[in-house]
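Take a look at the structure below.
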Amino acid sequence: MTPGHVNSGTGGAAEKPRLLVRRLSKRYGNVQALAEVDFELRPGEVMALLGENGAGKSTLVKVLSGLVQPDTGTIEIDGAAVTLYPSARSQTAGVAVVHQEYSSVPTLSVAENLVLGQAGVPSLWLPGRLRARARDLLSAVGLDHIDPGTLVERLSVAEMQLLEIARLLVRDARILIFDEPTAALADREIERVLAVIKRLAAEGRSVIYVTHRLPEVFRIADRVTVFRNGRSLPARPTSELNVDAVITMMLGRELQTMFPKRGTLGAQALLQVEALKAPGLVEPVSFVIRPGEIVGLTGQLGSGASAVVEALAGMVSPVSGRVLLDDKELSLRSRAATLKRGIAYCSADRKRDGTFAVRSIRENLSSPWVRSVARRGWISARGERERSGDIASRFAIDVKRLATAVGALSGGNQQKVAVGKWLGAEPRVMLLEEPTRGVDVGARAEIYQHLRDLCAAGLGIVVASSDTAEVLGLSDTIATFYRGRLTAIRPHAEWTVDALVREVMHQEAA
Amino acid sequence: MIKAFLSWSRPYALPLAALVVTWIVISILTPTFRGEASVYSVLEGFSLVGLVALGLAVTLIAGEFDLSVGSMAALAAVITVLTSSTGLIGCIAIATACGVVFGALQGIVIGRLGISSLVFTIGTLIMLRGLTYIFSGHEPIIIENFEITDPLLERYAIFSVSSIIALFVFITGWLFLTYTRWGREIYAIGGARNEAIAAGVPRVRTLTISFAMSSGCASLAGALAATRGGSAAPQNYDDLLLTGAAACLLGGISLYGGRGTVLNVAFGVAILSVVVAGLAARGTSASLVQLVTGALLLTVIGIEFLAGRLAPRKAGGRAQRGRSRRMAGAGG
Amino acid sequence: AEGTGKVEGDGKDLVMFTITASNVYGANQIKGAEAEAKKLGYKLTVYQNNFSQPEQDQQVQQLIASGIKPAAIIFWPWVADAAINDARLLAKLAPVIQLTQEPNEKSWPFVQAYSGANQILIGETLGRTMLKAREAAKAAGMKFKSDNGKLLVFQHPAGEKTGTERMKGFMAVTKDAPFDIIHTEFGANSPESGYEIGSQVIPKFKGQFDFLFVSNQQAANGIIRALKDNGIAPGKDVYIVSGDCSGSLEAVKNGETFGTGIQPAAVEGALAVRTAAKFIANGKIEGDVIQMEVEAGAPAITNAPPAKLNYMPHAPAIGADGVAATKIWGYNADEICAS
Amino acid sequence: MSAELSVAPARHRPDWLLPALTLGPAVAGIIIAAIITPTFLNPDNILSILRNASLIGIVAVAMTPLTLSGNFVSLGISQSAMAAMVAFVALLGEGWNQLATILVVLFGLVAIGMLQGVVVAAGMNPVITTLAAGAIIFGVVSEATEGRIVSVRDYPATWGGGDVIGIPIVILVFVVFTALLTLMMSRTVTGRETILVGANRATAEISGISLARVTIVAFAIFSIGLAIAGILEGAAFGEATAKSFPNLTINAIAALLVGGTAIGGGQGSPLRSAAGALLISVISNMMVLNDFSPGGRLAIQGAVVAAAVVLLDLFRRRGVRR
């Protein structure tokens, strides 16, 4: 299938590492994404790279693939010190990556994506020739049914992901990196992916495998490296570990102090979701939120948890069902309609639709409610200053620097702005997706505290998060989702970490 | 097979329909605009507006927008006349080469600095026009030994030499954009810039090629027009940019990058040629031609837009929702 | 070639190449030509270019491709010096009557006759008008900045031949007592461009000039505004003569412009059709120059062959009375200049 | 932990820097011009610079909200301004009352602009829409006027070139219009929403801001500026043709960009566009006074525009991490 084989033994050569990373650091503004990380990879080995959201996994991947220049640290491949930036160098050094964020080019064909950016491909891209090249690769990842001439934008999400892996195969690389390749895949497809990866390792290539799905780790990985908060823990063989041990390694820290105390819940229902069906959901969903309650929705990517939140926010029109707010029907037809009834919404991607990066903190904070401090269309500068100052001080944002552009802030502070801005609009219900994705530990605890403070004021909050620890620590009630269905909903006291992880993975973990 | 053909031909359905409809309407309105003569006239359109539109389309496909093409054509025309002592082929080659070099430099600057081409080329649009006046001495200049242009005045059935050259460039451009690595990289950079860079596509090289092509095509267009007319005037071609852009858009080249082929450009140019040549042959005023062009543009783009809206949304609509409005050339 | 013996067209094709009807001069010219063609029984097709030689080049190609065999072609090359190839191609198709821009020695072999304005003559009339302006200024007690008065010239955009030809005529008739030309600025052909340039050049030369010679009345209207901005009263502090009258004539009527040249585009169009018809009738030219005189009504067309150069009538208009008295081939000044 | 706001220190740039970058070259340009050109600083010349900046300035200022809202620029500027001028002059020539004429032109242009706004708000690309609308407007006006010069005839409308207490009316209008729009963009809800939509459409939508309203209002404001430009010119010249305002589109866009308003929206202000128009006017005046050829003037003006936008773009991007 792949052209050429890497001549390297699998067993005996274990002493000499294929890749050696030492004291590697990378800082983004105020976020230390990687702090003196050490990492080792042997020939023919599959190394699982694990860690919470924002632990720095993707950053290491970006450094290795030459997309990002590290601040300090050394990298050796097969004993020779190398520079991997920019990406062309990384490719020459034999590194190939399936990125978490960047995928194929949608406007090119499948076959073209398979040769894009590669050295050693003849410059004449004749369809017949590309087709022939593509066919083997596609069947290697089980995409035989796809015509290589199809435009990538016509593929399904799963097909795109498999194509990503096929693109990786085509590079005759020594080090293969997969950043959450199975996140969007169904079981059958996952099997195929894992089989391919095993075969590649057997050929002598080294694999770094980043994932949040622990069962897979035990299926294919030889060793495990855990990142926690930008730092690396020493690698350990999978044979010495089990799921619980890995979870402890990943979360092993002050869970108790991280999450604020829960408050008392109101008696009546604030928001009643009745048999709601929306795009992304297979079965109707029903649940209730009381004043002061935080409802956590969790599941894997594409499970339907955020589909519920998006429907409630008015971002996508529901297919059927109804929602009552204060016993009055809430129209989900448009964002404006839900906003008028006091539904605040923070999406998972704050850069895309949570903040105005080029505008000041004050303007960001006042964006949902500026109309309410205006008289006859003129903004009262005093009103805006006072209310945004109030929010800023409650969210520990420096009041003196409200004129700074939000884009210049750290991720955590950006998230505080994205959440805090809703306070001024006096919402009844707050919907959040992945509220602490990419937020450092300190800011994370602060955000949790703020959410609790809001509950104390009688708000209802819905949090959709793929971070099970977060859902468990923060929520009063937890609902799990799997493939478009709500699979379980129980008060927090009836959940344990294990139970939650198992429920989220559903039968996979069995 | 049929399915593949249908899916391949879908992007051409609307421009093709527009072409057929306008051609029929115009040939009813203008009795002299029929048969071989009309085909000849339409093909003639390829040598000026067509070449400019082709170059412009390359930058649009790359997710950029080269506003300087009209001024470039004017400058190239002047250079052609000034160097006409080198012979017909010589002067056209020199002018085109000047355009390619300028375009490449412009592409390097835009690629290196990562600035918006829409913004940058408005400066070069003004600057090149100034240079055109300076080089021509502020007045029309003529080719003294105008006999050298004779080969361009011949007609071969539906072709002239310049339309043959233009069609040759169209075919070469199509082959380049469709079947070579560099051509496909232009699509990649325009269709999904970050993804393409992550895959190892060099941004600067790709933009350099794109802008070299747009300036080169515009220069060739100017040089051909200058040699055929035997002259150049510094004030020429100030509306060529908008005409070229209209041709691209009529044909279905996207302003958002990565979409559209040389065939789309050809359709757009043909539609515009039919309107312009057909109505001019009727003695219709130039302003009415503009009116018709504007209305046609709005209609075609409107239909395309509505069709896109009404079409059932496939999965992945979610990614579309938050899509920013980053238009060709406007981003950094 | 053999002539048909009669000027009537009996439905024969005539083709005319000219500028766009979005321009007042083009519009009037086309109107005049169409009316005359209708009268004589020709079917006239007009190709209009948007002030673009390349566009005209393409239109010439189109005409040839269309297979039409017109009886004659009336051709205004937008850039006279730059349209030789067009003339060559058209000459193969039918007799070419060149319009508005006189042929040069390279294009004459392909052109049968010229019909239209006589720019040198216009320049001469304008020179004479300017001399009258000097007399009027002296009589009004104006003190000149030099003996013969200092002159500021605003020309057409650089490279337009009309301006340079007129200047030749102008210099010829004023050579006995020439004006001191202190500066020539190019680019004025509309009120906006006249104002834009005038408003910058006039402060620079304020107090240093007595007379202005401006390309046309439209541009003069812009320059008058710039003069007033700078506290200079046209018609009192300085005297203006404009090259032709396209534009609103208010400023001529109220004396802010001393005088202007009347260049009747409609008459030019009509004359061109007549010249073509006469050539078709006779198949030849006779003599070098026919200069039409100013007549209030259109003279009857004769069967005589045209000359090599057929000049349309041209007259200056000075002051409100001059404007009111103007009548050429049935058109009054406002019809000729503005509508 | 991060009780204090964390700001990337090296990357943060103070707010005054960008204005300084625009005004800096302008000031330097004025100084150089004053030194090498003796007549430059005389009051008549200064007024002439301001007057020449005014018209382009009014249009660039009026277009700023459109650009700020993320709708790029209009490619049909000349044609709309021309339509306003022709309509104004023609109606006065028909004997209409001046006030009524002004109102009709204003409302007419706003209606045309809002129509384009509606089309753009529905999702059509603004550049294509304005390009096509411009071609249609030009065609219609040309056909309607048949190429004639329309004029006010006997109507004494020359106030457009007049003064109020010694200050030319165009300059006054320019200053007042700039001040009003600058205030509007910085102090009103509509202005704020316009900027936010340009800064990030998706966030604006989630925040409940109506993209359609913002777009339509921006087009309406733009049209008011075009109407003012047309009326002022009409009232100054008393005549108009379909060929009026030939270079307005490019000049207004250049002024806006040289002022430093971001082409993609979200950053900039009407005041900056006014400064951009002034800078271009200063440079072009300096070159006229020093007898640069028209070609030389264009070449240098183009180079200045290119250099200015490159500098502004680079500094703007360095200011904010993306």
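Note that the chains take the letters A, B, C and D in the order they are written out, and that residue 1 is the start of every chain.
Rule of thumb we're sticking to: a residue touches a chain if its C-beta (ideal position, glycine included) is under 8 Å from a C-beta of that chain, and two chains touch if they have at least 3 such contacts.
Keep in mind the model is a prediction, meaning the values are calculated, not measured.
**Student:** If we look at chain C and chain D, which chains touch each of them?
**Tutor:** Intersection of chain C and chain D contact lists gives B.
**Student:** As a quick test, compute the distance in whole Å between the mean CA positions of chain A and chain D.
**Tutor:** Each chain reduced to its C-alpha mean, chain A and chain D end up 44 Å apart.
**Student:** Once you find the CA centre of chain B and the CA centre of chain C, what distance in Å lies between them?
**Tutor:** Whole-Å distance between the two chain centres: 37.
**Student:** Averaging only over C-alpha atoms, locate the centres of chain A and chain C and give their separation in whole Å.
**Tutor:** Whole-Å distance between the two chain centres: 74.
**Student:** Please tell me the distance, in whole Å, between the geometric centres of chain B and chain D computed from their C-alpha atoms.
**Tutor:** Computed from C-alpha means, the inter-chain centre distance equals 29 Å.
**Student:** Scan chain B for residues touching two or more other chains and write them down.
**Tutor:** Residue numbers touching two or more other chains: 133, 138, 234, 285, 287, 321-322, 324.
**Student:** Specify, in ascending order, the residues of chain D that touch 2 or more different other chains.
**Tutor:** Those would be 138, 142, 147, 200, 202, 242, 293-294.
**Student:** What parts of chain A, by residue number, touch at least two of the other chains?
**Tutor:** 315, 347, 352-353
**Student:** Any two chains that touch count here, so list every such pair.
**Tutor:** Chain pairs that touch: A-B, A-D, B-C, B-D, C-D.
**Student:** Which of the residues in chain B end up touching chain D in this complex?
**Tutor:** It is residues 109, 113-116, 118-120, 122-134, 138, 234, 242, 245-246, 249, 255, 285, 287-295, 297-298, 301-302, 305, 309, 321-322, 324-327, 330-332 of chain B that touch chain D.
**Student:** Once bound in the complex, which stretches of chain B touch chain A?
**Tutor:** By the definition above, chain B touches chain A via 4, 179-185, 187-188, 190-192, 194-202, 258-259, 314-318, 321-322, 324.
**Student:** For chain C, which residues are in contact with chain B within the complex?
**Tutor:** So the residues of chain C touching chain B come out as 20-22, 44-54, 57-59, 61-68, 79, 81-86, 88-89, 106, 157-159, 186.
**Student:** Help me check something: in the complex, which residues belonging to chain C touch chain D?
**Tutor:** Within the complex, chain C touches chain D at residues 20-24, 26-28, 157-158, 186-187, 190-193, 195-197, 199-204, 206, 218, 221-222, 225-226, 228-231, 246-248, 250, 337-339.
**Student:** How about chain D: which of its residues touch chain C in the complex?
**Tutor:** 39, 42, 44-45, 47-48, 51-52, 138, 142, 146-149, 151, 161, 168, 233, 236-239, 241-246, 284-285, 288-289, 293-294
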